[in-house]
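Mind having a look at this structure? Questions to follow.
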């Protein structure tokens, strides 16, 4: 069971970016890269050698690994519909959120290692915007907790859809885009460096560490997709099979949604980014208020 | 020299012995069922000497002893007689006095003696901060500390006098029939020491200009005495109904604003000082929730909140002192606290860098370290409160969200600090010529770092102590529920193990694939110069931009223009807003008033007699108006 | 009739006749010692004072006079090395006048008769003139001149006040017996308008000697120019005579049924003095004048306390002790610093902790003691004042009191640390004389600080009883 | 004998105004000494019929002190400092005159508010006393020369002495004590002269006495 769960997370994660790119290509009327492109990249990078900046210390290589572990553990805490979570206890939701923070810490620390201007820039942007997205995430989690009267993910993520659900979905979707550096916050496949957040931090990485970073990113995307789906769909009330398929469908939907967003939206100027994030916070806050007031009945 | 060396050794031994005894006493109380109590056979100031150490006092006594010992050890290498003859010896004396007085503050259970110990402790702090009183900025900072601390002390004089008047005795203990409004007085008096927003005005300059081991004890332990006072009397007095909400509000404000200011600092020690404001805020959020729970039927989540607050008292003491020791080593090695003049110290001082990184992760509340454990408890309390949907608990919702963003800001601030100081290339010559500090300074850091790790990986160990303290704070919670860390602890340990393993494997793999050293690629710059690195100012730019109004930042910007632009400037200064925008103008007004008054003392005898006559007339009028009815 | 008075006066005459300039100084500690011994013997075994006695060691005198005598004794010890340093000046007049002041202070404290009280105060004023004039510089002369004219005016007003009180007693059918006992016995018989007029005039008159604002103007000049011991005795002794005078008169006024009005005026003038002193302290740039302003502040505290009924008066008597002892230490250490620095102004004095470390340490400790930092005497007495204010429901008074204390603290610390900290100026040593901090110059202020400490931590029961008895004398029917 | 007494008091009150109006020191001193002698005679008038040596003594002492000794000392001081006139007073002569006059009226008004014993009813003692005290203050506040200030103090003190006459029968001691005030004045003047001789402290101009200030 445990093995299957890990396999699911590790193996399926890189599928999402591929799907997103497919959707974008399809919208643009191109053929686009194969869906499995990221797998190929990862395998290739895993065999490559590493070029290490003269300024960098071993931490430069170790940090991505720690970040990956943090993300993996976070994913481990997220329940997969009927399958439940790998580990579930009272307050695990907080651990999950802070594991994401740990991953961020490691990536940013590594980015500062080389002393490259882009590393600093990317790290600065990442940690600064995280302030807003984390507030939004917490508001969302609070509203789920209030709605379900529980503080453990398994219970929180099988809500009975309430008035606030749509708001919550919208808010979480914005958080998803921001946390995974998707358009309109960032353009994952641009190489106009000045516009990058996540890529800017990964600039100086190469070989296996880069592979680990890319895989971690895809896992994070999957995590948020699952979170969003489970937060919205009443999986608890469905039969296991239906729930599983609903979850898969939901994740697929979210992925396509991201792809569509990327094809129809342009990247925002950086000064607009906080605006959008604040909107995310407000959406989550409203859902929280709805849960707070509505649930009282 | 010989004598001073001997006296130094003797004093150190004395300190260690004292702190050890204190630590054992505290642990004895925390792990045992009953309190330690001693009543002296003589009177001081007409009151019988009476010491009591209960759970709450013991919780606070532990960091006093730990940091007291570690700091004394650190000072031996950091502030030795050879560098600063005279002031080193004075420093040792005041240090020991400070530790002793803090111990007394925590144990004394008589209002009059409490005031005495309190003021003595404050004065010791003053003399430690101004050890190097030849530097004017140190004197300025010291005076600001002294002034604010005295303002607090006077409030406490009023508080204890009122308390004694209502309770009919100076003896301290749970009291029921006193007006709840007294709590506000205590909150202000102790708050001036605790340094939550906006009572923090003295804190940044004092902690930045003090010798680093003093900063460590002031920031890690001394301000906790203020927290102790609030916790203690929040527990003993009948508090007003809205006390919980107010304390939570203060906490949230301190948390966010404190860390936002920290983010914007360029002076490493000022950054750490502002970060202390944030952590006091975190503690207050927990305390406020607990107060709320206690005023509304001792809900169980209150126990989690207070436990988290008390645990955070320990954690903050540990990692903040660790960070200040690190800052001290950097200062010692490079002679500057300005991050924009540092960089790349990781290569020359790997150990300091490592310890600092650990401290940074801990203060950012990241698993699997101790910072997370404490905040986790507080969050749990807040979330549980939220799930009750009780009307009075509304305050926990904004508190939780603000606490989260404060955590994210802390992460940003410490990525900035660590990155600017230890990573990248040295920005100046002194930074390039830095050297690792000796074992005398590294050992204390190691001890504190180990403590941070242990609490993080095995929180189950400390739970009994914390629960005991929570129980003695509010007897209703005495029967401790089973440790909430049952799953979290192992999970954290596992996380640590996995991370270590993964890191090791990845390093192996990279080595196997072949590891080439090369210039930083940075999109193909051939010769990246240190000046090209991101600066601390630009790193903080985004956040500073959000808080621009709140800070009242001062900005000077000259864009380059024309085909041959001459030098362009961008200067930005983040003031200590409350101090420079509110307090100092008021002070200036009063000074003007006093100069006006002094101009009446101009030396002309005729006018002096005129004043006398005026006084006579005024009093006469006053009396006859008073006496007519 | 009364050894406490005769002895110092005799000593004064003897000292005036004494031929040798170097050994004459020894009169001061010698007479002081005997005086202290006598005082405390009387304190231990209080004599019975017949109600109609004009002079007597009654409870009020017993509650205050020993403090003055103790202060004088320590000052006497300090005076020996001090006068040895000032060999160039003939000290015949100085020593004689100082002893005379002690005698007259004893008389003033023990005066139970309106007229005697006034005469003693007047005589003290005159006897202090040569002390102020001792340095014989133009500045000293100016200070003396102002002290005399302002003080003289105050004294004249207090005589006028005494006349009014006397006339009110005549008007109420009194036989002109002006002992306080008799006046109080007349009670409501005293004619109200005259009593009130008398109260105002006497308050202003004795308030001038006490140094309550706005009659304080002579104080900074006098204290600024006088030598340390003179300052100490003026601030610790003369002011306390004036204060006891006000206490005695207040009880008469109260017995005439005007206690409320009297207390209100005391409270008003006390708060005003504290506020004014705090403002002055925030701005002054002279660390000897600073002591004068601090003394004004403490006179304000005394008169506030005196307005707070029996508990307040008890606290006030306590504060008289702690204040005069602590002030003494401050004046002496400030004198040492002044001599070493060669200037009283902040503009050219700093870093004295490196020049005269011991005196500087005493100065700083004294600063914390006088600003009510525990565990020194003033802390406990001011806490008692605060307690009295709260007990009698004067919440606002308590708040104002604390605010003034805070600002005074700001001012005092500002000045003191500017003097003590920092790098010493070369000019400072040039201006000042290289003084050896001999035992004789350090021990007396230190002793006073220790006394203040002991007074606070272990207030002797005998003193507490004395204060209680004095309160009982002043409030016969609680 | 109330009328006779009131006559003298009236004279004293007149002299107050003269003092306020006189610009030259010698005339000021003369005024003061005349007032002193007038005051000195009052106790005898007050007693009149039955003879009491103590009262007589007080009277003589007062006449000697206020009338001759102190004015003499003042004259010496004046000569020593060779000054004749009061130069630019802080309160000009005309304003001080008006103030004095107003003060006198106010004094009469105020005195009526204070109850008197039957035997003092109708005597000008209280208003006279108050008026002189006021005049003294005006001189003390308004004049620049040390000597004129001393004269002001003398007049203030004369006022108090006048008041003392109310009590002279009941409590002679208190009134006798008043003589001490003359001693104070003596100290002033001696102080001035001694200091004048010791150093060149010229012109006795108190405007020079302002080195001690903030």
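Going in written order, the chains are labelled A, B, C and D, and every chain counts its residues from 1.
Throughout what follows, a contact is a pair of C-beta atoms (placed from the backbone, for glycine too) under 8 Å apart; a residue touches a chain by one contact, two chains touch by 3 or more.
These figures come from a predicted structure and were not determined experimentally.
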Problem - Graph distance between chain C and chain D, where chains that touch are linked - result: 1
Practice task
In contact with chain B and with chain C at once: which chains are those? Just list them.
Solution key: D
Fill in the blank from the handout: Of all chains, the one whose CA centroid lies most distant from that of chain B is D
Problem - Rounded Å distance between chain B and chain D, as computed from the means of their C-alpha atoms - result: 69
Completion exercise
For the pair chain A and chain D, the C-alpha centroid-to-centroid distance in angstrom is 99
Completion exercise
For the pair chain A and chain B, the C-alpha centroid-to-centroid distance in angstrom is 35
Practice task
Starting from the mean Cα coordinates of chain A and chain C, work out the distance between those two points in Å.
Solution key: 77
Completion exercise
Going by residue number, chain B touches two or more other chains at 598, 601, 603, 605, 609
Exercise for the section: Provide the list of chain A residues touching at least two other chains, using ranges where the numbers run on. Expected result: none
Practice task
Spell out, as numbers or ranges, the residues of chain C touching 2 or more other chains.
Solution key: 145-146, 149, 153, 197, 220-221, 280, 283-284
Problem - Chains that touch, pairwise - result: A-B, B-C, B-D, C-D
Completion exercise
chain B residues touching chain D in their complex are 598-599, 601-607, 609-610, 613
Practice task
Spell out the residues on chain A that touch chain B in their complex, using ranges where they run on.
Solution key: 46-59, 61-66, 68-70, 72-73, 87, 89-95, 97-99, 101-102, 104-105, 108-109, 112-121, 123-125, 127-132, 134-135, 137-139, 142, 145-146, 149-151, 193, 203-204, 207-209, 212, 274, 285, 288, 292, 295-296
Practice task
Flag every residue of chain C that touches chain D in the complex, lowest number first.
Solution key: 114-115, 118-119, 122-123, 125-126, 129, 133, 136, 138-139, 141-146, 148-149, 152-153, 155-156, 159-160, 162-164, 166-167, 170-171, 174-176, 178, 191, 193-194, 197, 220-221, 224-225, 280, 283-286, 289
Handout entry: Residues of chain B touching chain C in the complex
Key = 43-46, 112, 115-116, 119-120, 123, 130, 133-134, 136, 139, 142-143, 146-147, 150-151, 153-155, 157-158, 161-162, 164-165, 590-591, 593-595, 597-598, 601, 603, 605, 608-609, 611-612, 614-616, 619-620, 622-624, 626-627
Practice task
Write out the stretch or stretches of chain D touching chain B in their complex.
Solution key: 90, 137, 140-144, 149, 206-207, 209-214
